[in-house]
Every structure is written in structure tokens, then in C-alpha cells.
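To keep things simple, chains are lettered A, B, C, D and E as they appear, and every chain counts its residues starting from 1.
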Amino acid sequence: MHLLAQTTAEPLPVPPIDWRAIAPELALAGTGVVLLLVVAFWPGARRSLLAGLTLAGLAVAAGLTAWNWDLARVAFEGAVSLDGITRYARVVLLAVGVLATLMAAQESGRPAPPGEVDREDAPPEVFPLLLFALTGMAMLAAASDLLVVFIALEILSLSLYVMAGATRRAAAQEAAMKYFLLGAFSSAFLLYGIALCYGATGTTNLLGIARASVDPTGDGTLLLAGIGLLAVGFLFKVAAVPFHMWTPDVYQGAPTPVTAFMAAGTKAAGFAVFLRVFAGALGGLVVSWRPVIAAVAVVTMLLGAALAVVQSDLKRMLAYSSIAHAGYLLVGLAAAATVPAGISASLFYLLAYAFMVMGAFMVVQYATRLGPPDSPDTKERSSLDDYRGFARRHPWAGGLLAVFMLALTGIPPLSGFWAKYYVFVAGIDAGLTWLVVVAVVSSVISAFFYLRVLVVAYLQDPADAAEPVAGRATALGIALGLAGLVTVAIGLAPEVLITAARTAERILG
Amino acid sequence: MVAAAFAIAVAALFELLGKDADARTQILRGYAWFTSGDLRVAFDLRWDQLSAVMALVVTGVSSLIHLYSIGYMADDERRETFFAWLNLFVAAMLVLVLAENFLVMFLGWEGVGLCSYLLIGYWFDRRMLVVNPLGRLVPGEPDGTYEVWAPPAAKKAFLANRVGDVGFLVAMFLIFATVGSLDFEDVFGRAAGFTGTTATAVALLLFLACAGKSAQIPLFVWLPDAMAGPTPVSALIHAATMVTAGVFLVARTHVLFEASATAQTVVVLVGALTALLAALIAIGQDDLKKILAYSTVSQLGYMFIGVGLGPIGYVPGMFHLITHAFFKAQLFLGAGSVMHGNDDDTDVKHFGGLRPSMPATFLTTVAAWAAIIGVPLTAGFYSKDQILGAAFDHGGIGMFAWVVGVFTAGLTAFYMSRLLFLTFTGQRRWPDGRHPHESPGVMTLPLAVLGLLALVAGFLLSTFTGEGGRLQDFLGPVLGTPDEYPSLASALWLSAVATGVAALGAGVAWLLYGQGGTDWLALRVRFAPAWRTLAERLYIDQVYEFFTVTLGRALAAFLAVTVDQRVLDGAVNGAAELVGTAARSGRRLQSGLVRSYALGVLGGAVLILAFLVFRS
Amino acid sequence: MRVGPGAYLLLSALLFGIGVAGVLIRRNAIVVFMCVELMLNAVNLSFIAFAKVNGALDGQVLAFFVMVVAAAEVVVGLGILVAIFRKRSSTSVDDINLLKG
Amino acid sequence: MLLTATVFAPLAGAVVLAAVPAARADLARWAALLASLVTLGLAVVLAFRFRTGEAGFQLGVAADWVPAFGVRYRVGVDGASLLLVLLTCVLTPLAIAGSWRTTQRARTYLAVLLVLETAMLGVFVSLDLLLFYVFWEAVLVPAYFLIGSFGGQRRVYAAVKFFVYTLAGGLLMLVGIIGVFYLQQRATGTPSFDYEVFRDLSKAPTTQRWLFAAFFAAFAVKTPLWPLHTWLPDAYTEAPTTTTVLLAGVMSKLGVYGFLRFAVPLFPDAAHWFQPALLTLAVVSILYCALVATVQRDFKTLVAYSSVSHLGFIVLGVFALNIQGLQGAVFYMVAHGLLIGGLFLVTGMLEERRGTRRIDQFGGLQRSVPRMAGVMLVLTLGAVALPGLVGFVGEFLTLLGAFLANRAFAVLGALGVILGAVYLLWAYQRMWQGPLEREENRAIGDLTGREWAILAPLVAAIVVLGLFPRPVLDRVQPAAERVVQQTAEAANR
Amino acid sequence: MTHLLATTAAERAELITFVLLAPLSVVAALGMVLSRNAVYSALLLVVNFFCLAGFYLLLEAQFVAVVEVIVYAGAIMVLFLFVLMLLGIGNEDVLRETIRGQRPAAAVLTLLLLAAVGAALLAGVFDAEPASLAAANADGNVQAVGRLLFTRYVFAFEAAGILLVVAAVGALILGKRRP
């Protein structure tokens, strides 16, 4: 920068940097750098210290988010937009970050096989990576320029590729590779979409695109093609059918904390940007893209639910379930361009979903700790058979599992119910009643597999007589309690979060 | 208790008699049972001549039968239950008789049905003799077997009654829909509202109920089976009182029946056919009580002929109801006495020559026998002849009824005489080791009273004046009076014919069974096809069973297995299966190969792009 | 006769298509990744052609950023591929299918 | 407040129960019984405070719950719901007392039972549609665990089927609820799920039909109406018998109550339009399930089918859409609760003694356990609607109502009266009458004091309400009249 | 096409260059995809990148053209080759396809994709008159691009910094042999 400045004849009119607007992201990235340094120069640093630092960073970011609560502006010449979506997504992402940190902080507590390092525990670098990923996610949610969207997406993707493959298990590496290859493939499509949009409108700025989209040069086909390719990229990230196929493999293969983080965080960031781009900038073209989103929603809801039914691995089942949930969110998105409630419903859904799904994965992690150390390489303790009689042996974890499963099913009065309800309201309001009916069918199919987990955990007798006693699970316990508490609390008193989501209904740029 | 009720009834009767004929109807207001919209059902009681007569018969006969039961049931370990139910029956019967409202009457109606069910099934686990009517006909056939047959019989009775009760129910609905009330007062007062089809429907539905309760075609099959109950029950419920409730209902609601000539014709026709059919079947039975049961069915048929004829026949019908209560109660109690003295055997083939051992039973039974076959001056003679006379005078369908009735009178005389002779006269056919003995006084006293009533009741309640008689005078204000009474001369002439036919029947019976000389068992074998048909009750029960039990169960099984499990549940499970199958094939796409996944991404992209680009 | 931007754009689409096809039919993970790089470069050509159409340099800046991103992606991607294939004799993506169903 | 206390008292009891040490099953039992009795006591006070003769909702409270959605916590009772609340509160202690001998995880079982009670009570008192829906779905969870966790051999299949089936219906109703909400919001601008607001909202007939269909899905499954009944025999048969008491006695009323409280008053035009269809389904339910019941080998399954058949009468009454039908339907709900509850309780007692429910395993029990037989007889006769017992008043009024509405359906329905007697008396004959042939049936003991304490109130209620139904009918009258008036207006339009 | 006769020398030069480079780039790309040997593929890709750099020059994007050559063809492709060497170069049999229907499906779908994109391009900007970048490049292409980078795209620029950090850390973690 300085080098360049010296060579130019006149000083660059560098615009004032709006530090405040991106303060939370800066805090996250800054903490990430600090942690990198700590890890680099103090290899023996205890996990709890790293986790504590991460949490401190998250706390700072949370404070800054609160400080910025009433900020509503477009910053960096339209690159970043500070509005309700940004704000709400930050809340969701910070919550996801806290839970994921706690999960990652939990050590397996098992003795390593002789002569080997434990394959389970992720290296200490996951903490900075987690923060960088969060930074990317937050930037993605705030991005108001397709270029920033692309870069933010890459930040979070690259972090996640690495996190997924950070342990030595073959399954984790396979997950990382598949995620990476397909992710790169799909981001090429996204990029092509950005190029076509740029070509059609002359800008990558969302405000500019919004202006150009209602007054297109030519017949607008080019822009539509661009939209289509953008949709491909986003749909891939949020795991919608038929761009979902990586999801089960990656969710199953990646270490459970990473899976949980991916499931909740990527979905939140992905849908935030999806909402901003489609319901915001491209709202004028809703007639064109709504059938696409609706059709994808239909197949996503049905296929996700149906495929989950036949799974025998809990993580994999949750992956398919997350696909089905992406479908419900797509209903909210389809509604969002004409019905503002679609935006708030989707955001509220993301928040509720984050706690439910991460909670479910926490139970998996909890159970994994209990497994014998010589468990097969590709499998964690996530086969449904491993959960036989789980609830009887671990009443608290079992009870929470029930809470999460019922919340995911959408049984009132748990958070999942209100989320689903709100999305349905938005869908019906937008005249998409048929889509809501499909969502109902999908929910019914979903009930099968969520119930199956409960059947196994509650209604079947434990398989083996005794399980090895694992170490304490303080961090995980806190995370579990938090997720369960919030899931129930949102169910009983969703008011505040709904009202907050409502303020996000106006999209700035 | 029942005797006290009888006493009260008698007192009330005298109070009634003390009033003017037209003011004799009293209505006693009770509390409202339930109300709903316009419907108001109260426990109001109606005390008029008709209910008084019925109440007297019911309480009187049941007093006697209670007395009898003390002796008959002395050895039963659950006799408290027995008497409790018997009393419940009397109460229900009184509710039925005294009701001022269709629904309250229905309460009694079903109440007596319940008691009938309970009492028939009283010996729910006792093995009782099932007399085989084919015994001594087909070589090797036993005379009878010992089986537990009370529970199915009770159930059959209840179900047959239920069919009738549905008629009652629907009739009530129709009445309420038409006049907006179920009180007798309102309904009869607004009977003009019943015209055409509605009138016929109401009357026929009510008659369906009567057919159930009073064992008429097509619902008569339960009554013979009901003989599984203790004999006093058979006497009280299945001869004297409950089964006559149908006749009473027709009389009580005669206004409704008068509104439909069709219904009246049906009543007469059914009554006549039932009388004939039952009499025929009675000939072929060997079971003492079943003969009497079919006889009851047959006599009830007479009563329906009477009440179906209109004003001319109401009183004769009721008259026959009363006399029949006496003589049939006696016959049953007599049969009970015979059973009591013969180790509970009911097979007439096993009796013969019982007269010396059971003189009191024999004498009183002869009295009742005389009444039922219509020996002149006995009760049955008066009442039956009044019905036949009314039928003859009525003309039309009545004439048909008269012909059938007279013929049936002959059959009645035949089978009743057969019963009497086979039981009390001729050779002793009872097995070795049995010591027939007379019953105790507590049992013979009611026999004597009823026997006496069977002889004199007709004479007391009637005079051969051609003016109807005392009962007609008493009941006339309630049931109406005919325009003209049959003349004395024609009545005498008609009686003569009937008596002659009856005498013929009795004479044939005497020839066959009375002297003890004829080998009637040989005759039975000789005319085997005819006998078998009669013995098998004209195969009616088998046909019924085929249509209800066999076909019904097949249908139910079809529904339960094929429709419910395969089709309906199959559809549900099939939907689940469909999801599973689709998912399993979808799972195959999830091959684990990156390149397949990439193909999926590309496919989706192409679809979306093609839609967006080529649609616009 | 002149070369209009359309020609560049169609060429770019063609190269993108070739890249896509390569991803689909090649089994060597590294070649697959190279095909992805080809796709990115094809897009870059589009960006620059569009910059010419629009008469503004934004497209060129975008292309520059794409290169940065591509570089980062390559670093991580090759890291992953090395990590997974270091112990194997084959680098075929078809051999990596423990997770499926 | 009193009403709220009544609804949540069992839940509080369940929480207390969770604090009882798992090993102290005796303590858990007493605590559960006490909780249910306290609830009953509260309900009785409620009944006394209730002013008969008023049509509106009484004793209610209302508070904001989720104002953003317009969801309020609004509860209240009218005659119909009061009676069902009482029924629930009466049956639960009996069910708890009936499961006294349950030793396997008794504490959990009883706690879940109490949760179920709260959920069911909530359904009956909710006057906010979303609150109603919340309770409606909340019923599923405890019921699922009761069936699936404590049931018989095929319990898991039965529980899942029950859950999924009911959830499917419920979600469609949710779509319907949102639909009404949407209409309401468009009409008034303020979000609300208030029952009375919805009721007084004018809705186009075509819209009504769609919405009615959505509500129908939930109610028809829960009731259940033919052909959506196939979950029921499995669920009732597999559930532990004391659970079945509550499922059949109370939960089956939820569906009919839904018709009565929501589907009909909210969509009177549609109710009128669908009347023939509903009557047809009701009649088919009556006859079909009665026929199917006749060939069942398991007594519990038989009673389960009989329950569906009887509920057909109730639906017949509701969709008669006249005063007799509606009053009869509510009365029949109470009657059916008492009767079917009693039947299942006795079944449970038999099963406890003999370890089987197969009809052919019994016979002649009247000899060995005469008192039990007597109770069973009363219950059977009540179930076949003998006049003088509680079943008759309901059956008569529903059929009368149906007759006034449509004669053919009533006549066909009346045939069910015969079939009902067929299967119940046949079963009675086979199990209780006849010779005592099996040795194991000889040794079983008659009713114990505890069992008397359970059954005596039921039998007393069955007789007393049969002869004196007025207290019940009078309380229902104003509410029923209001519904009738509304549908009549719709019919005249 | 309307300017067929009125072509300037510069335009003719562009045409000739394009006609030469375009087929070459396509052939190189196809060769990369079809070559059995991964090293050949990498080298052909480099060829392709050079062609692209040529196009960039034609399109007045000198800075990007240079970066393309230095960063892409130079650094990135060298990295690829390095990894290929590291993992060992085996000849893979690309002729036999193991996934049934993969190739026809890939061919059909790719053609459809090209058809759709092509149609959109033809409908959109094919005939668009190219604007001149002369004004924008007045101070020189590098300067202009740089100015944009540090003004309008400054946030993206900073974000790219984070991206590179992530990439570095990621490579570190993936490559590190833990004890």
C-alpha cells in the first residue's frame, strides 16, 4: 500500500475507513490472529486457555455487536451493509461460535491407542480457524457486494475445509477432500454467476444490481442466467437438493464439533446472504426466480426427509435432516421477496435451528466420548445402534436429545415449532400455501426418523452391559445445557427474538 | 314386596273403578329425565284402565310366581341374585306398563329385556339337557345332550329384541320428528298428524319392536331358546308378562295403528301366520318347555290378530292376554313342577304316567290345558273365541285370520293334548332310579290359584251377551268400542266351529298318545321326513343362522383382515414403504463418488439455467 | 471484421464448459482441481471482456481478486490433497468413497 | 387463575415426581395420586363456580404470550369443556390407581401420565387457536412415550404410527389455523388467534371449505373417523392398559371436541356443506368398526374398535347440527369416557391376573370372580346403551339429532345399536359365562379393595348419570344452542 | 459485422491474434482434460493461461495479464507440478469410465450448460458496442486498477488479506506432522 502510494504522482484519495461498522468482524479476526500467535509460540498451551481466549474474543465481538445495534448504514462504498439481517446474523453466528468453541474445547478424554496420537482431537489451530470462519460468515452476512460475497464465502469455506480435515481420521480427510473439490466446483459456478451479473448490470454492488435489474439493458436474460448461477452457488452452500450430495458425507466424516459448526454457521451465513441478494437486490425479479426456489424447496424438503428415514448413522441422519430444514428455509426465502415476514421468519428459524441442531450434534459428541478407543476408523459412535438405551443410562443427555429431536420435529412448545410456524405463516401469506402443504408432508416424514432416534434411545434396551467411563465433560456439558435451555426458552417465550427479527425486514443494499 | 305391589295395584284399581269412565285416566308427574331442545322426557306415569289391567296381571302373576320360586329355587346357591333380578324385572315391567312417554316406556321395555337376558343366562355355567327332537327318529341319535346353552340363548334373546328395539327407536324418532313430543298425551292428541307413509312407517316400526319382544315372525326364534332360564322365569317373563308387552304396546298406541290400515293388516297377517307356524313346530318338539314356548308364540299370534283388527279386537286381544297369562303361567309352572320332580328332565319321551305321583300338578295342569285348547266355559274358550269372532266379523284379512285361527286351534288342541298325555298318562317311561315326586306346597299353591283362574277368569270377565262384556266396558274408554258387536247367535255358531275343530285335534291326540296303546315312536319313524321337518323347526333357525352368523362373520372377517389390515392399514404402511423405497433408491445416487456429486451439481445448475434462460 | 466482446465471452463459456467436463470425467484429483482452475480462469476472461463492454475497470479488479482467491484455494486444496494422498499409491477421486449412502 | 391452576397442577405434580428417588416407587405412586386428586379437587371447585345457563366462556384468564404473533394465553370453559375437564380429572386418578402394581419405572410412567393430563386439559380449555394447537401437539409427546416405552410387544410400531398419523393431521390443521389467522389479520389488521374473534369473523363459504378440510384432517385422525382409524387399534392395544384408559377415555374426545368447538362454529357454512359427508363417515365408522370388532381375538382390540364405533355416534351427533345432536354428543363424550375407561380398567385388572387378554383364554369367570363380572356386566350394558345407564342418553340424543337432520343416516346408525350388542355380549359370553374350564382362571382373585375404590365411582356414575343426566345436559345446553343457532344461520344463507 | 469494411489496423491485429490464440487456448484446454498424463495436463494448462494472458492484453487489461502470467502460470502451476511430483506421477487410464453413464451425462449436461449460457450471452451483450477503456486507462492500467483497489474495493482487499492468512494457516495445519 505504501509502496504504491509512493509511486503515484498524487496521493490517493483513500476514503475514510468505517472501522465501527466492521468492528465485530475485526474483533473476531483479531482474536484469531492473537490465537495463531499463541499457538505458534506456545505449543504447550492448554486447550482450555485457547478456548477461553476464543470465548473472550467472541464476547468482545458480542459487545461490539451490541454497541452497533442501532447502526443502520451502508459502509465501504456499498461493500458492507449494516442492517437487520447483518445484526441478527451476527447474533446467530456468535451463538454458534460460543457453542462450537465449547464443543471444540472438549477433549475426548480417552487414552490414545498405544503408539499413536489420538485421532479424535483436533489440533489447537481449530480455534483461530473457527474465528476466521466466523469472520467469513459474518462478512458474508453483511456483504453488499458480490465480490465481498465471494471472498467471504471463500474465507469461511477454506477455514471449514481445513477444519473438516484437521483430525487424522480417514473419514475426516475424505470429508475435507469432498467438501473442497465440490466447494471449489460450485464456487466456480457462483463466480460465473457474479461475472454474468456484472456483465448484465455493470456492477457487482447489490444496490446497483437492484437498480439495474428493474431497468435492464437488453432483455435481461443475461442477468437471469447470472441469477441462476448465483443460486447454484448459494444452494450448494445451504445444502439444497440437488446440490446437497456433499452434505451427508461431510457431516458424517468431519469431527463432530466441526460438523455442528458447519451445520449451523454455514446455513445461517448462507441464508443471510441468500436473503440479502435474492429478497433484497433481486426482489424486483421475484417472479422469475421464485419458481426456481420453490421447486428446489420442494425436492429439498421431500428428498431430505425421505433419505433421512433410511439412515442408520445419527450424524448422517442429521445431515439429511439439515437438508430438509434447508428446504423449510427456502420456503421462507421464496416468500421473502413479497412478504417481509419471510425474512424475519427465515432469520428466526436460523437462530432456533442453530441451537437445536448443534445440541443434537453435542449429544453425538457426548456419546462419542463414551465409545471404546478402538472404534473403527470411519465411524464415530454415531451409528444408531450405539444409542440403544442411551437415555436410560444417561438420563440428562437422553432428555436433551429428546428435546432436540422434538424441537427439530417441530413439536410445540419448543423453539422448532415457532420457527416452522413462522415460516409457514410467511409462506401462506405469500400465497405459497401449496408449498407449505409440501412442507407439512416433509415434516410428517421427518417425524419418522426423529422418532426413530427416540425409539432407539428410550425404547430399546442398552446393547452392551457396561461402557468405559470417560472423563468429565465440563465444556460439553455447559454447551449442552445452554443449547437445551435456549431451545426450551425460545419455545416458551419467543417474543423478543421474533420482534428483533422483525426489525430486519428492511434490507439496506 | 311384589305382593305388596299387587295389593297397591288392587287398591288403585278400586279407586279407579270408583270414578267415571271418562275420568279414569290419571297422569302422575315425575321428574324430568332429560331435556334437549323441544324434547322433554319426564318420568310421568299413566294410570288408566289399560295400565291398571296390565299392572294387575303383572303384579298378580308375579306374586304367585315369586311364591313358587321360593320352592323351586330353594337349592340354588345364588338365589339372592335370582330374586333381585326377578324383582328388577317386575319393576321394569311396571315402568313399561305405566309409562306416559314413549321413552320411559322404552326404558321399561329395554329393562325387561335386560332382565330377560340376565335370567335366561342365570345358569351361565350349568350343563342342561338339550332335548334332541330327532331322538328315537334316527338310529343312534341320543335323546339329548347336556350342554351349557344358557349364555348363547340369553344373548340371542337380547339381540333379537335389539332388532325390534331399533324399530322402537326409529319409531320414536319419527314420532318426535312429526309431532315434536314423545308424551303419549301429546302424541295421541296429535295423531291426526300421522298420515300416509309416516303413519304406516311409525306403526310398522313399532310393530317391529312388538315382534321382537313378543316373538312374532320374523323375530320369534329367540323364545324357544329362552327356555334355558329357570322355569319360573319362563313362566313369568316368557309366557305371562314380558312377551305380551308387544300386544300391550299395540293396544297402547292403537291410535297410531288406526292411522294406517296397511299396518293393521300386517299385524293381523303376522299374528295369524305366527300362530300357525308356531303351532306346527310345537307338534314336533319333545322338550316340555319348548312345546310350551312355541305354544306361547302361537298364542301371542292370536293376541296380535285381536289387536290388529281395530276397535273390534282390542279388548278380545287384551282379554286373551290376561287369560293366557293365567293358563300359560300355570302350564309353565306345572312343567317346572314336573321337572322338579324328575331331576330337571324336560324330555316328554322320558315321562308318562306321572299322574299318580304328581296329582296336584296333574289336576291344575288339566285345568290350564282345558283353558288353552278352549274347552267351553274355560278362560281360553272365551278369549280365543272373542278374537276369532272379531276376526270373522271384521272380514277381509280378518276372515283369513279366522280360518287360520280355527285351524290353529285344532293344532293347539292336538299338541297340548299330546303334551298332557305323554307326560301324565300312559306307560311310565322314566329311567330306573328316578323317583318322581310331587312338589312342595309353596309350589303347588300358585299352581292351584292359576289353575283356578284359568278356569274361571274368562267367565268372570266376560258374559256371552254379545255386548262385549265387563272387560269391554272397563277398557272401552281407553281402547275404543266397536261400532257393533257380533250377535250372540253368530258368536255361538263360531264357537261351535272352533270348539269342534279343537275337539278333533284333542281326539287325534288321544288316539295317538292317550291310550298308551299306539306305538307313536314307530309312527314317527314311518313319517320320518315330515317329522324331521317339524322337529327341525322347519329349518328356520338354520336359515337365520346362516344369514346372520355365518355370513355376518364372513363379512366381519373380510373387513377386519382384508379391508382394515390390507387395504386401509396397508395404504398407511404402504405410504411409509413408498417413502422408504424411494429413499433407498435415492440412497444409491449417494454413491460416495465426488464425480457423481459434481454431476448432480451440474444437473441442478443446468435445470435452473434452462428454466431461467429459455422461459423468458 | 472486428473481434467483439461476444467472441471472448463465448470463448470463455467454452473454456468454462471444458473445465466442467474435465471435473466430471477426470479421476486424478489434481487434474480435477486443475479443471476447476480452468473454470476460474474462464470466468476471469468473462470479467475482463465485460470490463471492456462496460468501459470500466471493475472487471479487471474482480479478475485480480479472483486470482488471489484462486491462489488461496490452491494452497489449501493442494494441502488437503497431499494430506490424503500421501500414503496412497493412487490419486483417483473414485477411491475415496468410504462415506456414502 | 383457578382454571390455570387446574391445568398445570398435574405438570407440577410431574415435576415433583421427578424429584422423588427412582427407587421409591411407593412414594411416587402416592405423590402422583395426590397430584391427580388435587387436580380433581380444583376441577370440582371449578364446577361449583361455574354458572349454569350462560352460553359464554367462564372462569377464564387471558394474557399475552407471543404478542408478535398475536398469540395469547387465553383459557376459559363453557359447559362442554367443563364437563370434559371433569372427565379428565376423574379418569386420571383412576388410571393412576389402576397402575398401582406397575413396578417397571413407575416414577417415570406416572410422571408422563401427569404430563399427558396437563396437555389434554389444556386442549379443552384453550380459547386461543395457537395455544390450542400447542396443547394439541403437546399431547403427542407423553402419549408417544407412554405407548412406546411402556407398551406391549409391538409398542414401537404402534407409537410411531400413532405419532406420525396424528402429527400429519395436526400439521394440516396448523396450516388451516394460519389460514384463518391470515384472513383475520387481513380483515382487522391486528394479529390475533382468539377463538371468539375467529368465530365472529365472516368468511366466504369457499374459503371455509378449505379451512374446514384442514381442521378436519386433525380431528378426523384424532377421533378417529373411518378410514383414518388404523392407528388406533394398534395404539390402544399396545399401550399399557392404564394409558389406554386415558387414550380412549379422554384423548379420543379431543378430536370430537375439536369438531364441536372449532370446526363447526368457526366454519358454519362449511360444516353445513360437509354435513352429508361427515354423517356418512360417522355411519361407516359405526358399522364398520362394529363389524370388525366382532372378529377380534384380543379383548383390548375389541374394545378399541368398539370405541371407534361409539365415537361414530358422537360425530353423528355433532354433525346433526341441532340441539339434540350436539347435547347428545357432549353427553356421549362423558358417557363414553366413563364406559370405555371402565372397560379398559377391568381389562387391565384381568391382564394383571392372567397375563393375557385373548378372549379364548377366559371363560366362566363369572363363577370365579363374580364381583368383577358384575362390574363388567354393568360396563358392557352401559356400552350397549341400555336405557337407564349412561350410554343410552347419549346414543338416543345423537341418533335423534341425526334423524332430525337426515333420516337415512340415523336409521343406518341405529343398526350400530344392534351390532354393538352383538360383539360386546358375545365377548361377555365367551369370557365371563360358560363353564370355568381353564384351571388358571379358577385361581384368580376377585376385586381387591383398591380395585373397588377405582371401579365403584365409575359404576355409580354410570348408573346415576343414566337416570339423572340433567346436570350434564343442562350445562351443555347454552353452548350447544349457540352452535346450533350459528349453523342454522349459515344454512339459511 | 457492420464494420466489416471499416476496420482499423489495430482491429485487424486483434482479429488475427484472436484467431490464432482462441483455437490454441481451446485445444490446450481440451488437451489438459484429455491428456492421460497429469504433468502434460498441467503444462497444457499453462499454455492455456498464456493464451488467456494474451486475450487480456487484447482487452486492455495489461495488469491482469501480467499477474496471470506471474501468479498463475508461474506460481500456481508450479505448485501443481510440485505436488504432482510429490505424489508421484502415475499414468491413469482415462479411457475406461467406471461410473456408469457418467460420460454421456457429463457431455449432455455440459452441452446444455453451454447452450443456456450461450443463449444468454447472445441475447445479452453479443452485439454490444465495446466501450473504450482509454479514459479509464489514461493514467496507465496499473495505476487505475490500483486506485480502484484502494478506494472502492478496499474492503474486499482487506478481506482478501484474511483469506490469505487462512490459506497459510490451513496449509500449515494440513502439512504439519504432529508428534
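Some notes on this structure:
We adopt the following convention: contacts are C-beta pairs under 8 Å (C-beta built on N, C-alpha and C of every residue); 3 or more make two chains touch, one makes a residue touch a chain.
Computed from a predicted model, the values in this text were never measured in an experiment.
Between A-E and C-E, more C-beta contact pairs are found at C-E. Remark: the per-chain Cα centre closest to the mean position of all protein Cα atoms belongs to D.
The mean-CA centres of chain B and chain C are about 96 angstrom from one another, to the nearest whole unit. Chain C and chain D, compared by their mean Cα positions, are separated by 65 Å.
A separation of 26 Å divides the Cα centre of chain A from that of chain C.
The centroid of the Cα atoms in chain B and the matching centroid in chain D are 38 Å apart. Residues of chain E in contact with two or more other chains: 99, 102, 105-106, 109-110, 113, 116-117, 119-121, 123, 125, 152-153, 156, 160, 163, 166-167, 170, 174. Residues of chain C in contact with at least two other chains: 9, 16, 19-20, 23-25, 27, 32-33, 49-50, 53-54, 56, 58, 65, 69, 72-73, 76, 79-81, 83, 93-94, 96-101. The set of chain B residues that touch two or more partner chains comprises 576, 587, 590-596, 598-599, 602-603, 605, 609, 613.
Here, these are the chain pairs in contact: A-B, A-C, A-D, A-E, B-C, B-D, B-E, C-E.
Against chain A, the residues of chain E that register as touching in their complex are 116-117, 119-121, 123-125, 143, 146-147, 150-156, 159-160, 162-163, 165-167, 169-170, 172-174, 176, 178-179.
Listing the residues of chain A that touch chain D in their complex gives 406, 409-413, 417-418, 421-422, 424-425, 428-429, 433, 436-437, 440-441, 443-444, 447-448, 451-452, 454-455, 458-459, 493-495, 498-499, 502. Across the complex, chain A is touched by residues 65-69, 130, 133-134, 137-138, 140-141, 144-145, 148-149, 155-156, 159-160, 163-164, 167-168, 171-172, 174-175, 178-179, 181-182 of chain D.
Touching chain B in their complex are the following residues of chain E: 99, 102, 105-106, 109-110, 112-113, 116-117, 119-120, 123. By the touch criterion stated above, chain B contacts chain D in their complex at residues 32-37, 39, 103, 106-107, 109-111, 114, 117, 121, 124-125, 127, 148, 150-152, 154-155, 158-159, 162-163, 165-166, 169-170, 172-174, 176-177, 552-553, 555-557, 559-560, 563-564, 568-569, 572, 576.
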